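The two complexes that follow have chain A in common; it is paired with chain B in the first and with chain C in the second.
Up next is the complex of A and B:
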């Protein structure tokens, strides 16, 4: 039964996930194509200088990439469940309701994380070809909140899409948008370094938010 | 978000006066702009026109006085030689966010004795971790030979790796290169530069218990000192050029975590201008020996102490921001409201919620958590609890 549930989730998101991973690889590829182009024209020493002392963020294109992935996977996974309230069929399966929902959620989160990990790993490996650890560490401290914003968006989509009442959907949307925006403030490189652990905890906490909507959905709120 | 909207609607800027010491009158000249009106006066209450004001500060408005032909030939028997004036003129500015923010950790070490008129950006950058390492930007590889040479030179002088801080002027836009002032893991101060490809390392003897938390290097034409150094006791020092003497400036009340600092130098004086959230202090020092000449102080109420701040402190039990003007770091900055008025407001919100509950004939026992949330967080909890009401499915 678990395998079937996971297979159903996979069927829903597979093309979105593969498409998103491809988009991520292309985006990272473009970043480093530009890096090598700019280094060729400016020389490495001047390019490093721009990063270290003039605020250049060579990784800036990554800012909304995790958000795009979260929107794609989140909508692909949860929107079909609300059409004709199909999620109710899932709740009628001989499995515990919260458990099955968390299973779906964990699968979606895992898939999104796998895509993020792939994008991040390529970014990290290619960064190592061009830059010393000080520049890379600054870049990582800056992109971590962007990836956490992606995860939070995915969790918020689950909360909003599964919410049965439109009024609450609107409230959740406003709060979700505000909550996500705290990860995406304009800041200098590594400016988020001290707050990243707290954002990590907040993101993990928001992962179970959809339980509220699902609870109300199951209890027949319309 | 609510406090942010409140302050966007009601906050008013404080017009901080520009206060400078007049070398002609030996008094402070005050430039105060209020509501589009400019007032120019001194501490004795004399008011001045713009022209009179500029003539009292001839070393600040030299160009203007030269144009209008009112620049004096000499002041206090000192001839106003443009070369001397320019040489002594210096401007230094420090904001707390420079200290409270991410630091680059790798820096370019310029060739100090290249024999060229202009400085050139080197191909490598150095870090000081377990040793001093040069990383070539063209290959992203470590230059082992140069790294060993410079690490050895530091070790020979008693440097304890790694470096706590590295301060310098990492730019080619300066008159010459004086390298970096480095604090090692043991809190010792070193001067490092590169001369004809070789390391120049000088250990600066520090008095016992003197520790620096921030160093800001300068490049002034008179070449009197390398840097301003802020101690962990919030004192300001300078490090004299070539002699490496630390001179403590007779300036108190400067907290680099919360104060902006400007030091304006001219042929007679240094105006040390310290601006905190609620006060301005100007200390005037002699140019020659850094002795204190005069002090000016002006205070005003903090934002939280003004009427609108008190209202905000009543409505909001705390305020939470993601940024702080004294820091370049993004973080959760809590500001808890002073006084007790917010507690009364919180109790009123609890009472209002109780009224709503009674009107809905809801069970109190099932809403105790909500009431506690409102009691603790006031308006924030009240809004949250009433937008997302509890529903129980028995």
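Up next is the complex of A and C:
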């Protein structure tokens, strides 16, 4: 049954996932093309100085990249389930309703994390070619909340799209937008480093929010 | 025979609007029950309660003895479900959807599915979303046949189908159900279709059940009489034996469970002057309209 669930979810998100991974690689490639250009233009020591003491974030283009992936994969995965209330078919499969929903969710989360890991790994490897560990550690501490914002957005998309009533969707959207914006508010490099564990816990906590929308659907809210 | 479906004292409201109160439904193993009703009478509501997609205000539905709100995976595997409009995963093609569903059912029987698919003129990689409604209906039916469930719940199976596809659907379904002793609970807007398919009928009107019995019994006991009135002194609509009465000028259509002799005697005893009295043979659709009214 796992195989069938994965198969269906893969059919829904595959092109979005592949497209997003390609976009991520291009974005990271562009970041380091620009880094190379700026180092050649400003000289390495001046560029490093700008990063360390003037708050330059060479990785700034990464800020909304996780969000874009979460939106693409979340909508690709959950929107087809709500067209003509097709989620009824899913709930009718011979599994407990929450179990199959969490299986779908786990696959979507895993796929998104795989794309994030790919993007992050390339970013990390290329960072090592240009910068010392002090700069890289600061960059990692800064981008972690952005990737957590992406995951949180994916979880919120599931909650919003599966909600059967439009006015509640709008309400969840406002809450979700506010909640996600917290992750993106840091202005200085590694500004959120002390609270990254708390952000991680908040993200993990929002991971099962979709169960609430599914419960409301099964109760017959309309 | 045991009951496959048992709904007891089912009551449901949408907000303050009563859908029905204390509805009782029993469907025996091996029978085909047709739920008929006008738009908004509560057909889809009942289907949704049966499938656990709607919690009734009170009462309960049991399917194979389990509350429909908490069906176990084993019981769900015994139920084939057709959603109104033959909804399926339209982003899949016929191969992908068969592969997907087969993973959930250990007793999956692909032969009937592929037999039906061979009749469709579709490309192997054609997505379901690009198929006609009739083709989609065959995909949905084929999947149900391959699942080989003991109980089939079909919500308005005839919606959007042309006469040829409707006939194909019904003939396949009835032959399958009777050969394999399957139980079917179905609704349809097209009542002529039901006549070819069902054993038992449940007719609902707003807030109430009008008839629940074997379809043959209903058709033999419910009658239509036509006549022309020469005087209009007696308000026949108020009489208890009159289930429904339609009047156009002096032409009367009277629907009742009473016999011809009873109606004739009543008219004569009460001084009603009439002519051209005759019993009219009805089909199921005529009887349905006779029972529920034209509007």
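Following the convention adopted for this analysis, the second predicted complex is superposed on the first by the 221 of 222 C-alpha atoms of A that agree within 3 Å, B and C clash if a C-alpha of one lies under 4 Å from a C-alpha of the other, contacts with A are read in each partner's own complex, and residues count from 1 in each chain.
To be clear about the criterion, a contact is a pair of C-beta atoms (placed from the backbone, for glycine too) under 8 Å apart; a residue touches a chain by one contact, two chains touch by 3 or more.
From a predicted model like this one, the values you see are computed outputs, not experimental measurements.
In this superposed model built on chain A, chain B and chain C occupy separate space and fit side by side. Look at A:3: by the touch rule set out above, it reaches chain C but stays clear of chain B. Rounded to the nearest 10, the angle made at the CA centre of chain A by the CA centres of chain B and chain C in the overlaid structures is 140 degrees. With both structures placed on the common chain, the touch criterion links A:30 to neither chain B nor chain C. Of the two partner chains, chain C is the only one that A:80 touches; chain B does not reach it. With both complexes superposed, B is the one of chain B and chain C in contact with more chain A residues.
Shared-chain residue A:15: touches no atom of chain B or chain C.
Of the two partner chains, neither chain B nor chain C is touched by A:61. After superposing the two complexes on chain A, the shortest C-alpha to C-alpha distance between chain B and chain C comes to 6 Å. 219 are the residues of chain A that lie in the contact sets of both chain B and chain C, per the superposition on chain A.
On the chain A side of its complex with chain C, the touching residues are 1, 3-4, 7-8, 11-12, 80, 83-86, 88-89, 91-96, 217-220.
Interface of chain B with chain A (complex): residues 1, 101-102, 104-108, 121-125, 127, 135-140, 170-171, 322-323, 328-332, 387-388, 391, 393. Chain A meets chain B in the complex at residues 43-49, 52-53, 128-132, 134-135, 138, 141, 168, 171, 178, 182, 185, 187-195, 198, 216, 219, 221. If you check the complex, the residues on chain C that touch chain A are 48, 51-55, 73-74, 76-77, 79, 81, 83, 85, 87-92, 96, 99-105.
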